[in-house]
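In what comes next, chain A is part of two complexes: it sits with chain B in the first one and with chain C in the second one.
Our next item is the complex of A and B:
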């Protein structure tokens, strides 16, 4: 069977924030670029980001990128690489101002500058008090950003392949990446995109959990493709549970609500964060707030008939401020909680939100993996940015508003690095003869299998397992059981069957292919989490409790290192954290408190 | 809300096997937690994996799951199931070619959106920092920039049904006015020239279906009225 081959200088997989930001660099450099997306670009999940993007513009009060860097290192519980964190925080002003120039409708201060609000974990003067660092367009920052970047790409004549699903990464024998196979969803046709540079910007995989703020499309396709191509996944045990998902529905309520003055309360209306984070209170880091909420619920101070949520209260705020700064939240309250937040508090629970780990990258956006004793050897032709990548700037816990910053900075740097490498002028390497075989075999197996596993049920089994065994609080024995359970689910996920056999817009087939990606991520997460025998950031185990020797359960002597999960044999190796920034003094290890 | 059976009548068409579209009667049992129409569709798809529709964010910001629900365009993820008369009749958005089931070909819709040059045009060299804009000037963009390109409006507009290739339609015109209204944009007269045409702008007859169906509560008719006013103002 001969598969059509389309040749490009670069192929970008994903058209959310990171992909669109990379595409601007490549298109404006005049390189022939294809951008593939499962959905029309403005439907990518960046659209759902609400509260803002961090940059130390200092528009309302004094700020400095070194303070932002300190907060990010501390937020990461020292697992973030300090070279990458410096790179990101220093670049923040530049990439945010660029967005403004692209036309992004930021809110404004009275003197016409970009409006900034406080956000969790962002402090002035190395952890002193909350600072206004989050640049916002009401509570629709992701929407405003994604549309502005799509529009910039329209201007730059970027070539989009809309509603195309990438299937597999193509690597040759020497390990060079040569593009991807992809399926046009409307026709089911498979095509090879042969490229000199391949950039993954495929977002997260929050759908591995049962309760998630993530969109249906967040199925870890990039991680699945990388894993199937033998590329390890970094720090997959670290998942952020956002403190405020709407109870029951999972829909996100931005931390900007607390930035504007919102308060979390338990069943006796107590502002319980004062006990857990006396200084930052409701604006402590997300892992800290989520754990405090889960503790309140666990100890019987939750609200409602089942005492299974807490309240986010903004009824004391000026209604005009709410309608101006948080109009989308007012709408979400009415739609998904049946609550008018001007009058009543919102029911919220910690909800899976963000994947801190991902495809290992250098801060230049180049993908790296162990080779011949070098733990960070560049994979030629392969780049990644945004949530699918692990630079690592978020370490064990991401600060709010650093995700939009990550996708801007690393989307851009991946694009720049690709441009640089492409201009160095290497020709297309020859495609292996079997370049599409793996994808064709997967599709044919899904289409033709009889008596296989049901996609919907397999997905549910995975989501329940992840939720029960790898949630906000983790337990040694539960993680062990979780590993065997998820390996069971994996067997089913490799034997999926669909009833729909049509070639036209076959969403059953798409969901089966997505399930094959999700399971790679779920497995990497569970095995990495079981292996890390300490508590750090979002990964907290009962058998690594808070002691004098190991404050917060963190054990720097043994565990100050990145996990690398190898999908080839489910094995784990580790690589050191880079504690050396590019130009400034390192942020020294210390006990984390807010 | 409690457990309940809900009846549907769904437009089905698979070009690979159907000669013509048909309406399928199907019912599904919903849990108390199933609140929105999209929750019901997810349940239906678990029963019959061939039912095809687009969906993504499930919270009304991505614009994927627009469809015709009991005769009115809307987003499945923002529509309360229990507010709907049964059987709930689901059809693809009207006026665009159907690819399969509830999935329409949106090429024409996006072509019109792209035709208005949906990007900021400012030819001054970019300053070191942000361009300044007063809060009042920024407020002019409210009710315009929030569009999610779901196409509920354009596909409920008779003028768009008759001339999808010539009339820009409410979504595209809303976007056009979003840039005209932006104090940072320098292409107002070029943008008006682009719309000075018996069809592109003036096919809007203020029927206001667009306003009625917009899931984000936006008012394209008002924006179109403002563009028309500017056309008149510059003609005299």
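Our next item is the complex of A and C:
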């Protein structure tokens, strides 16, 4: 079968913040650049980011990138690589000012500077007091960012392939990456994008969990493609959760609800936070509340048919106060829980929000993997940035507003590195004869299989398994069972069947292909989480508690290292954390407390 | 609506930037869209093309419909 080949200098998969930022570098350098996206670029999930982008501009008060760096290392619970963190924090001002020049409508101070507001975890003078570091455009920072960068790309002649799904990474025998196979949704046609540089900017994979704030599009396509091409995934056990998402929907309920007097209750209507945090009760910190909720559910005191959520009760509050102080919460209850929160409690559950791990990269955006004893050998022709990549700057936990910074800095960095490598003048390497065979075989199997597994049911089984066994608070026995269960789900995910066989706009086929990506991420997460026997950042285990020897359950002696999950044989290896910044003194290890 | 047009619309509703719209629009397509007249379905196609924040504000009642054609469709989405 003859497959059309489109030749580009660079192909970028994903048109969210990281993909658009990379494309600017390549197109403005005069390189022929294609960007593939499942949706129109300004429909990417970056749109949902509201908080802002961190940069130590010092517009509102004194600030310095070394303070930002300190906060990020501490936030990462010392798992972040300090060279990458220095690189990101130092570059922050530059990328924010560039965005302003692209036309980004940042909020301004009276004297015309970019307005900055405080955000959790960002402090002045190495943790002394909160600092105003977040630059925002009202509550639409991500949206404004995408528009500014999309327009810049149009000006630079970037070629967009909208409503195309990348299927598989193409690598030759020597391991060089030569592009991707992709499917045009409108026709179902498969095409090879043959490129000298391939950049992944495919975002996160939060849809592996039953309860997730991520839009449906976050199916970890880049991670799935990397895994199928034999590239390991780094630190996949680390996922950030919010304590209160609407059960079954994932839509966030602001912490302000508990601030206004909301009470968490279990199936016996007991105010269980009194047992876990006798003083702060429902106003305890995010991790304490999440842990208590997970424990109630695990011990059988959850609510509903599956006993898998708890209740957030505000029925005792004055309705007028609720409508005035918590606008939106009533509507969220009605739309996503079918509950009038003035009369009934809301079902809530700790909800996945952000993926800290991903495709391993150097801070230059080049993808790295173990080879011949070198744990960070560059994969030639392959780059990644944003949530799908792991540089690693977020380590075991991410600070708010550092995600938009990540996609700007590492999107740009990946683009710059690709430009540098391409300007060295390397021609397109020959495509292997079987470049599209794996993709064609996968699609043919999905289209023709009879008696296979249902996509929706398989996805639900995966999401339930991840939520129950690798959620916000983890238990050794549950993780062990979770590994067996997810491997069972994987068997079904390898045998998907669809009823619709049409070529054009076959959403069933697209969802089946997404499911094949999700399962790679789910498996990597479960196996990596089971293997890490300490608590660190967002990975908190019941059997690694806070002790005098191991404060917060963190064990630096044994576990100050990055996990690398190999999809080839489901094995785990480890590589050291880079504790050496580029130009400054390291941030020394200490207990993380706020 | 022809299959191809419906499936294109479906993709553009089930893969939004905001989770809130993924859920409400998917639900409406599964239960409600079929009950619209041909003309109303075309109005829905127009609405689905809106920017995510604007559309969610409209559906969640944070903003009002200025175009009277949209009001019954928005009401139907809210009810689905």
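Definition applied: the second predicted complex is superposed on the first by the 487 of 594 C-alpha atoms of A that agree within 3 Å, B and C clash if a C-alpha of one lies under 4 Å from a C-alpha of the other, contacts with A are read in each partner's own complex, and residues count from 1 in each chain.
What we mean here is this: a contact is a pair of C-beta atoms (placed from the backbone, for glycine too) under 8 Å apart; a residue touches a chain by one contact, two chains touch by 3 or more.
Note that the coordinates shown come from a computational prediction; the quantities given were computed from them, not determined experimentally.
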Determine, for the superposed model, which of the two partners chain B and chain C contacts more residues of chain A. B
Looking at the overlay, what does A:216 touch: chain B (first), chain C (second), both, or neither? both
Determine, under the contact definition given at the top, whether A:502 touches first (chain B), second (chain C), both, or neither. both
Look at A:326 in the shared chain and tell me whether it touches chain B only, chain C only, both, or neither; answer first, second, both or neither. neither
Touched partner set for A:195, first chain B, second chain C, both or neither: neither
Please work out whether A:336 is in contact with chain B alone, chain C alone, both, or neither, and reply first, second, both or neither. both
If you stack the two complexes on chain A, which partner ends up touching A:253: first (chain B), second (chain C), both, or neither? neither
Quick one: classify A:24 as touching chain B (first), chain C (second), both or neither. neither
In the overlaid three-chain picture, which partner chain does A:107 touch, first (chain B) or second (chain C), both, or neither? first
Identify the residues of chain A that lie in both the chain B contact region and the chain C contact region. 39, 42-45, 47-48, 140, 143, 186, 215-217, 249, 251, 328, 331, 335-336, 502, 504-507
Using the touch definition from the top, list the residues of chain C that touch chain A in their complex. 3-4, 7-8, 10-12, 14-20, 22-24, 26, 51-53, 60-62, 78
The answer for chain A against chain B in the complex is residues 39-40, 42-45, 47-48, 57, 96-97, 100-103, 105-114, 137, 140, 143-144, 147-148, 151-152, 154-155, 186, 215-217, 248-249, 251-252, 328, 331-332, 335-336, 455-456, 498-500, 502-508, 511
Chain A residues touching chain C - in the complex, by the definition given at the top: 38-39, 42-48, 140, 143, 163, 185-186, 212-217, 249-251, 328, 331, 335-336, 502, 504-507, 510
Would you pull the chain B residues touching chain A in the complex into a rising list? 14-17, 33, 35, 45-46, 48-50, 52-64, 78, 99-101, 103, 106, 110, 114, 117-120, 122, 126, 128-135, 137-138, 141, 145-146, 148-149, 179, 182, 184-185
